[in-house]
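The chains carry the letters A, B, C and D, assigned in the order they are written, with residues numbered from 1 in each.
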Amino acid sequence: MIIEFIKSENSFLEEIKERLDKEGIKSVVNTAESKICLLTQPESTDLIYTLIDSRKIKDFYKVKYPFKLASRQFKSGNTVVKVNENYVGNGKPVFIAGPCAVESEQQLMVTAEFLASLGVNFLRGGAFKPRTSPYSFQGLGEEGLKILYKAKLATGLSIVSEVVNVEDVEVVAEYCDVLQIGTRNMYNYPLLKKVAKTNKPILLKRGFSATIDEWLLAAEYILSEGNFNVILCERGIRANSKYTRNLLDISAVPIIKELSHLPIIIDPSHAVGVTKYIPPVSKAALAVGSDGLIIEVHPNPEQALSDGQQSLNFEQFKRLYEQFSVEATNKVV
Amino acid sequence: MIIEFIKSENSFLEEIKERLDKEGIKSVVNTAESKICLLTQPESTDLIYTLIDSRKIKDFYKVKYPFKLASRQFKSGNTVVKVNENYVGNGKPVFIAGPCAVESEQQLMVTAEFLASLGVNFLRGGAFKPRTSPYSFQGLGEEGLKILYKAKLATGLSIVSEVVNVEDVEVVAEYCDVLQIGTRNMYNYPLLKKVAKTNKPILLKRGFSATIDEWLLAAEYILSEGNFNVILCERGIRANSKYTRNLLDISAVPIIKELSHLPIIIDPSHAVGVTKYIPPVSKAALAVGSDGLIIEVHPNPEQALSDGQQSLNFEQFKRLYEQFSVEATNKVV
Amino acid sequence: MIIEFIKSENSFLEEIKERLDKEGIKSVVNTAESKICLLTQPESTDLIYTLIDSRKIKDFYKVKYPFKLASRQFKSGNTVVKVNENYVGNGKPVFIAGPCAVESEQQLMVTAEFLASLGVNFLRGGAFKPRTSPYSFQGLGEEGLKILYKAKLATGLSIVSEVVNVEDVEVVAEYCDVLQIGTRNMYNYPLLKKVAKTNKPILLKRGFSATIDEWLLAAEYILSEGNFNVILCERGIRANSKYTRNLLDISAVPIIKELSHLPIIIDPSHAVGVTKYIPPVSKAALAVGSDGLIIEVHPNPEQALSDGQQSLNFEQFKRLYEQFSVEATNKVV
Amino acid sequence: MIIEFIKSENSFLEEIKERLDKEGIKSVVNTAESKICLLTQPESTDLIYTLIDSRKIKDFYKVKYPFKLASRQFKSGNTVVKVNENYVGNGKPVFIAGPCAVESEQQLMVTAEFLASLGVNFLRGGAFKPRTSPYSFQGLGEEGLKILYKAKLATGLSIVSEVVNVEDVEVVAEYCDVLQIGTRNMYNYPLLKKVAKTNKPILLKRGFSATIDEWLLAAEYILSEGNFNVILCERGIRANSKYTRNLLDISAVPIIKELSHLPIIIDPSHAVGVTKYIPPVSKAALAVGSDGLIIEVHPNPEQALSDGQQSLNFEQFKRLYEQFSVEATNKVV
């Protein structure tokens, strides 16, 4: 249940929250909109009236969806996630780019410098890789994180990197700015709770065949730990396709925008899985209202240790990126 | 097999075709690119050399895909389908709009006049409706076709209407400019062959869960009857989604553009099935390179006899349409 | 709406039906269970009371599902389809076997004689083949039907063959005992109506990705034309599988048995598409309650013009068939 | 690569393994079949010849599939997993039954005693529940494990329980006989590696939409840690179905039996998700060759804290179980 108050002081809302806490009712406050969402169902609504002066209540309503904190009902304004000096979800699309995996200092530094020179603000790169086969390259681990951090120091780029094990959350959080939860771990609830507690921004990819509700409920695991810095990422769902790796669910963007206040970006690299289809699909992603793109870029895709067939080389990425920059500049916002 | 000749006279190519015919080898000529595609496999390639002066042959190659005439290998230039004074596939997106079903003369005429006043060039409307239940409204039949024709006379709009039965092909062809093959009939090969023979432009929707190859092979049924006026239409594929009717396969556009010379449009109405998601998805469709959109518009969606929940009203359609017109006008082509 | 009467004479029910007809209300009588199903919704239920003596009415109820005549509500007893001297749906599973396509008299006759010698009662074989590519073997047409008929005369086997074109319905009905509607034509409503009118038994395969409701509504198209001789056939649905052609939906059998009175058989050949998996899946099919199996058998699968990789040879089929016969014999029924 | 030796002493094989280890080549020995599987690719095959007397080598071959240790090529004989006094995979199907979640000592003990009285050997029950919503009942945790252990002491049943967090592996292993990896964690590789190291039998459920290869590669993560006690569990895959929760992939059983030596059981409760369809689907599961069934049973399904709609009550389970026992007894094994 959400209780919406007549425009109130933060201190008033916090006091209500404390009273609820004492009764064993967990709740979350949205001060900007004078709302409190009860996460525990009170035994009777009468209790509410004994705790709260009803003249202060503007309205109260049951949340229409299984997710509560992630819903527009609880927070009608868009969530803008701040990452260092950048914003995700403020109307200007972000670009996150970089190799699938950190392979070496040389590979990463040349990529970071290239991206920084274009004006890109975020560098992605996997240090812990969840691979379908135990015999595939599993990432450089902490050494990879150190390389990412070095790239950050050299270029100022914000770092996005995946965490796959609850036992690695702290070390990834130490070196990186955004913690990525990959598609294989969207249902890994202990991991979601653990990353939430770092209070770092979380990039939450949609599971292989996850429904919109399951995905927003995975976000809810993070939000209900008090961390609202969640960026959703649509990366294509499982489908029976000969020509692409997955099937991009482009309509996920307007659906998420309607149901939730969280920003959403698109990963065309995993969605289509083939270099040549990434530019047109990226255009569609931005046209539909995505808050950004995460794209695999590698100095030498043919020699990449993973995902080479879907990585753009520098020239290809530059062409794609500059096209959007020009369009963005020409736009009167 | 495709034989590519050194730039040749049409008469030369036609003569080769005749020689092949005599040997029982069916073939199709692409005069613009001096190519002949053999539809029947000759018993031995030696036969080719006895029929054709090898000095005239530039190259010959096996078609890489199961479809032949629909492939870029046979025709590298885009097919532009002419419908009265309009073109589909020439780089300027077309709009096809109108109600799911023709319900009455009044309903259709008011829609046609509204669309014509905006500058739309194509009117859609079903007279023969393939309905999942035998108890649902099945369309007005020939009466519906006459209403469509009346609307054409009054407004100059080109008419697009579905044909579901081989026995109705002639009557639909008499009244309409483009014959639509609906998603339920993409595998209906006798119907494909029959509509092909009218030589009218054919709008071929993708089957509910059809692969790209199956879809292009359905087109091939039409092309191999000598009718190259085929417009493909992506309308969403079956998926497990609570919030949309189907799942739009946006990457179908660049895939088709790469594999085939045929134009492709998108039907956002059936793809998402919910009015509010149609505008953002339409933007994505045009951004990805679709040759046009087919959109359900109804003067009073709440009272529509079918597909009301996915039909735009006039105000909604106008807003959508004008946005694209402005963008198109601003573009330096 | 279904009206259930106190146990009544057929003549009484027929009289009610006539009265309804006069009022423009189409209806179907189930004499065995003293029920009438109204296919047209009367403008008001008052009309019912003016037409029918309410003391004769035991109950009346809205049909819970979109299909009406196919529902258990309209007919609680199982439909048993009689084909010459055989029954489908009487508790004893039937076997329908034979090649994908009729290729020659020799191929078919040797198969028919082999099957008859084992005690199989039904011969399948396609004369009109709906092929994904226009360049694949399309069947022998009427010549194939004549070969099938010859096999029937020689062996006494009942003939099952597919019809793909409304224009061929009569000729297929002339030579065959059961008309098959293939998976590509489940949504071909004009074809469903036309085959219904032959009053022959219809084998109705499930569409590639058809839902249970869509499938039973396709059956409803046949039933609502007055033909209740419908045998459903589950043949696997579209799925993303490397090791099988389709995904057998084994639970379709108990679902259909619960929702409908129609018999249902399973086609393991198309469901798995690989010879070696057909025997275990056939066992599962019979264990789950399927009324029979339809299996592709070919004297020489490696040389089959279609579906060779999923056809059993004689030895393989014999082993499979005899196992079930033994089990059936041992059973106390 | 697998090296197959002429029938050799274990000591000989172990010695080879040691030599490979020294060269940095990880390998696994199958003593029963005199095979060694190299998990690391040697830089050149010449190295093999310097390490191994070629006269002892019978054959060597590349593994045909991405999984190696799980393949029939490495181990042609069936793996039989021993759990206390019971075997899984020895030709006699096992039954694993019990509630979705441990809710209370009373609920679990009455269930355990009921199952033991029937002759069932395995008790399932979740103490750590991975729930789609953070607000759903998440299980009793360690308290639940203690209740399970108490039930084991009282009845002798072997305990199967899920582990969802790498940090809980030890505590679950302390109280339980079989550690279950649920469908949401099939891609959770750190968890797979951690449970492997307990050397306990692992019940590995297939992911929501996992391919057969991905599933066997998940098993490979466990096997490559030296733990071959893996029982696979097919539990239905994601599908677009109104009448069932998931779609049982019945053909997974013969496919797994062909590709791998690991035992496989079926979970009809999650596959169909509706009580009434569980008995027929269970029959199909055993007919197709499943090594057992895992079924949700609850003393009072209407009041279950999770999965009530798919849990059998005692009477329903008894009827199902006794039917199979009778059939099994009548069988000459």
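As a working rule, contacts are C-beta pairs under 8 Å (C-beta built on N, C-alpha and C of every residue); 3 or more make two chains touch, one makes a residue touch a chain.
These are the chains along with the protein names UniProt gives them: A, B, C, D = 3-deoxy-D-arabinoheptulosonate-7-phosphate synthase.
As the structure is a computational prediction, the values presented were derived from the model and not from experiment.
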Given chain A and chain B, the chains that contact each of them: C, D
Most distant chain from chain C by Cα centroid: A
Between chain D and chain B, distance of the C-alpha-averaged centres to the nearest whole Å: 50
Cα-centroid distance, chain A relative to chain D, in whole angstrom: 34
Chain centre separation (chain C, chain D; CA means) in Å: 39
Per-residue overlap in chain B, given as positions that touch at least 2 other chains: 209, 213, 238-240
Touch list for chain B against partner chain C, complex: 39, 66-68, 130-135, 164-167, 184-185, 187-190, 207-210, 213-214, 217, 220-221, 224, 238
Partner chain C, residues of chain D touching it in the complex: 209, 211-213, 237, 239-244, 247-251, 253-255, 258, 271-272, 276-277, 280-281, 283-289
Footprint of chain A on chain C - complex, ascending: 238-240
